[in-house]
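In the two complexes that follow, chain A is the common piece, with chain B as its partner first and chain C second.
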Partner chain A sequence: MVSPLLEVKHLKKYFNLKGSRADYLKAVDDISFTVNEGEVLGIVGESGCGKSTMGKTLIQLLTPTEGEILLNGENIANLSPKKVREKRRDMQIIFQDPFSSLNPRMKVYKIIEEPLVNFKIGTKEERKQRVYEVAKQVGLTQKQLDRFPHEFSGGQRQRIGIARALVSNPKLIIADEPVSALDVSIQSQVLNIMKDLKKEMNLTYIFISHDLSVVHHFCDRIGVMYLGKLVEVADKHELFSNPKHPYTKALLSALPKSHPSRKKERIVLRGDVPNPANPPSGCTFHTRCPNCMDICTVTPPTLKRMGEKHDVSCLLYE
Partner chain B sequence: MAVNILEVKDLKIGFEQDKKDIAIVNGVSLQLEKGKTLGIVGESGCGKSMTSLSLMGLLPSGVDWQNGDIYIDQMQINKKSKKEWRNVRGKKIAMIFQEPMSSLNPVYKVGSQIVEMILSHEHISKKEALQRAVDMLQLVGIPRPERVVNEYPHQLSGGMRQRVMIAMALACGPEILIADEPTTALDVTIQAQILELMKDLQEKLQMSIIIITHDLGVVAEICERVVVMYAGEIVEEATVLDLFNHPLHPYTQGLLNSLPDIETEQEYLPSIEGVVPAPADMPAGCRFFDRCEYATGKCKNKPNLFTTNIGSTVRCWLYESGELIGGM
Partner chain C sequence: MTQAIETEIVAAKKTSKMMQILKYIKANLTGMIGLVLVVAAIFCAIFAPYIAPYDPGAASLGQRLDMPKWLDETGESQYLLGGDQVGRDLLSRIIYGARISLLVGICGVAISLVLGTVLGLVSGYFGKWLDDLIMRLAEVQLGLPFILLAIVIMSVFGTGIEKIIIILGLTYWVSFARLIRGEILALKEQEYIQAAKAIGGTHFKIIVKHILPNVASSILVLATMCIAEFILLEASLTFLGLGVEPTVPSWGGMLADSRNYMTSAWWISVFPGIAIMLTVLGFNLLGDWLRDRLDPNMKV
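Let's look at the complex of A and B:
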């Protein structure tokens, strides 16, 4: 039995809302999952479902309200800021926007070297070797390291962001929409690099995205989020061939056709995602659910095991 | 007999840098059939948005119209004065943009923004205009339209704002709707709603649509003909079926291959190496030269748009004879 690299138990992140009707915005509400070593877990959901907040909470750029985050069996939630920094040597994050996540006044070499300086790794000469090595892995030349971020295109900047995340030899990478700001032809370049690096460095990824086809291509297991909760978790093939939750079904059917002559049965969801500060009672999806029953407006469902490695949170399957 | 409602001939748009003319749209010609949907596909910086802005007479300052003619219903519109342009915009041709929040004025109510647009084109009373605004909002599927007219844009969700934009664009019954990345800022479930709405409205109102997008999924969903642009030029034009069944230009093939598809399993995605050349140092010949795996010496000369035996046109020397090669 493989022991999980990361185990998340009942993670919650609430934001205080002063002066509004609700007291809290439950951005991440009681989420539990595990990630095994060498695995790629995809997290999908629409804007405002809390997927980015969850990513930031995992790496403790946001302090969790409640719950445990076990990295290699050790709980890292609510450690002192100094201890948390040490832990970040093992877990790093890649951000969505390659324009705002790189300091425009630092040369690329300094940007990539910074984590090493921060963690006090190696001598100056060793650090230099390491920076060159990582830069080569992501396809940047030594000459380019002497330039500033604004001299690079979006795809190249994302490579810089990846190099910075990898330079300290982390075990777990949280990739928050790493390719959604990129053009398709560049998107595939970056995905391929991330796949190569995974093999070379035995990485584990949590891959956050709104794009189901990218997640299908890149991930082993997929979790679907809706309004701060995980509604379904399953192996990629299982999720795409046998989706259980009505929201997952609707998401899959909303994907644009990949070929104009392909016929598609479409479940068009009514309305928009409700305001997360004022979520519906019972199952939070009941206001848009095509299979809504009376009980759904009252009783909130919990994540239940449905089959091998397939968890669903829906009262239809109780 | 198919009637072209819109024709663009040899459009060239550029700017001046260091006393050199730099073309960002270079010799683009388009035809839009009445009642049909034309897609313009390409990646950032390929000139697709500039092309659409020029159709609206809305080119930003510093960017010059260098050549080309635009005809709507056989009427040449590009020689018109600023004032005459205003009568064309909104009345004959209207546009919706990618980011519905920044294209709506945050300090005016939704209703008064639609009324303003109607009153600048038609001599009707304010009350009638407001009623039209409510009707339009109803038409685009906004619940409780009589209340939404009195709301501000920030009170609406992204999908609702895009519906308001569509209502505004259609308020004076334009014959042509230009949609510049209408669903890019929206979530998939909302994107599906908006695309359904556009198809619906096209049928009801007999509109012709130009849709500008980087998303080939949207193209497969809604377009009849497609133009692929690369670095300011049209590299391929085809019906949507031909484009997906027989993509001809190496760039089009690369684009289609690099899309992850949920029906197939691939370890690595094929990708197009390199990046789009900057407008200031375009290759003199084929602009895809540096990134093309089929490039030969001949490609240092500029290829024309060749018409092939299946009817698609393509800007690539591989198709000089008009024959398809290699069963693609």
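Let's look at the complex of A and C:
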């Protein structure tokens, strides 16, 4: 029995909309899930569905409105700023845009070393050894560490970002679309580095992406988000072979066919994602759902266990 | 034989070094002109007693309104740039005048820079009610016309160079605060500031290591431009009789004194005017050049 490294219970992040007092934007609305040690949980969803907000809330770059985030059984939501800073040693984030995630005025060595300095790890000499070690792991030479970020390509910059996240030996990495800003040829290179590092350092990833093929390649379990809610969570193979939620079905049907002769029905969703500041009543997906029933407009569904390691939030299955 | 080759190589290296320097100057011509003008003004200010040919306060009525030496055909004039309305050497007064102008410019900017940077940082970084408070204060400050404020304060507390510096410093912090606040609002969206937080940086460290170095170039550019503006403002205030005492040589004061003699002795007004123009131009050129130069992505 593997113990959950991270347990999220009823996490909510609402943004106050300027102007009126009553209006919130429910970016993350009542999300619960667990991540076991050594696992890779993928989070997929359309842009604007709250994936990144969730990632940033998990690592406390945004303070959660409500809910619990249990890291190794300890609630880290709403700790004092000082305690939060200490906890960040155990969880790190890799950002989406490698061009804005590195300080242009710091040399790469300083960038990678900074977490060690902040967390007061080791002597100067030990830190140097550690920086060289991590740099080697992500494929940077010692000579390159003496340069500035603008002298590197996108893929190299992203590897610097990975090195910075890993240098303090964290347990959990939140990867916020780490490869979506990169060329396809570089994507696999960076993903492979992340995979190798996972083995070497026994890491746990939460991998946020909108690219289903990348998620399929990289993750063990996948959670599908729609309008700030988790609508389906399942094992990778289970989700791809047996999707339950109509939204998941539609997403998967949009994947290119693996073989030209194989017949596949394309489910096309009508309309746009509704405004998250004013979500539809009942099930938030009912406006676009091909299987919409009368009850869907009234009763919001909850995440229910459907089978082994398969949770769905849909009234069709209740 | 080998020695000859060696000396040749050394010579070649020397010329190539010279060529490099010349090339650099050619590529950065405006910046270099600015630098030379600014350095010249600072040099005059510091070493005024050693380079001024005459005592700037020594009036000699015999030399009253003397023409510049190189224009005077009678050969009576001793002064290179002529004499003023009481027979003082214009050149010496211009050299001494650099002291007042630069003192006002640099000290005034120092005050407004420190004040504006701190308030702008607090306003942009911490936001919320502090931001509202500081920005409303800035708007009130902007609403007050500078000259009017200077007249009121000078007439209550009397004139003096330190008062000009303080008034300028307390008025122009708004420019710095607004610039820095705007830059920080943009910077905060950059992921590396969020990353700095995620990797365990304190507010102090994020500000000092990640924000300040990235706004420093803008601050520096604004500071050089502000020095130029302050020099002009000091000259205007002194011209209006609100600046330094008339006995102290200053460019604005010289212009004010000269206006009755504009038709008969043009040099009294023209040369201090040129001094102001060159210094201001120097700071502006330097500021422009620094702005291009300090962008890390432009570094070759």
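As a convention for this text, the second predicted complex is superposed on the first by the 306 of 318 C-alpha atoms of A that agree within 3 Å, B and C clash if a C-alpha of one lies under 4 Å from a C-alpha of the other, contacts with A are read in each partner's own complex, and residues count from 1 in each chain.
Convention: contacts are C-beta pairs under 8 Å (C-beta built on N, C-alpha and C of every residue); 3 or more make two chains touch, one makes a residue touch a chain.
Just so we're clear, the structure is a prediction, and the values are computed from it rather than from any experiment.
When both complexes are superposed on chain A, chain B and chain C fit side by side without a clash.
The larger set of touched chain A residues comes from B, when the choice is between chain B and chain C. Of the two partner chains placed by superposition, only chain C is touched by A:E114; chain B is not.
When the shared chain is aligned, no partner comes close enough to touch A:N242: not chain B, not chain C. By the touch criterion defined above, A:I186 lies against chain B but remains apart from chain C after alignment on the C-alpha atoms of chain A. The least CA distance from chain B to chain C in the superposed model is 13 Å. Residues of chain A that touch chain B in their complex: 46-47, 153-156, 183-189, 191-192, 195, 210, 212-214, 216-218, 240, 250-251, 253-262, 266, 268-269, 272-273.
Against chain A, in their complex, chain C makes its touches with residues 190-192, 194-202, 205, 209-210, 213-214, 296-297, 299. Note for the complex: chain B touches chain A at residues 43-44, 157-160, 187-193, 195-196, 214-221, 223, 240-241, 244, 254-255, 258-263, 266-273, 275. On chain A, the positions that touch chain C within their shared complex are 56, 59, 61, 85-86, 88-89, 92-93, 95-97, 100-106, 114-115, 118-119, 148, 150, 161, 164-165, 168.
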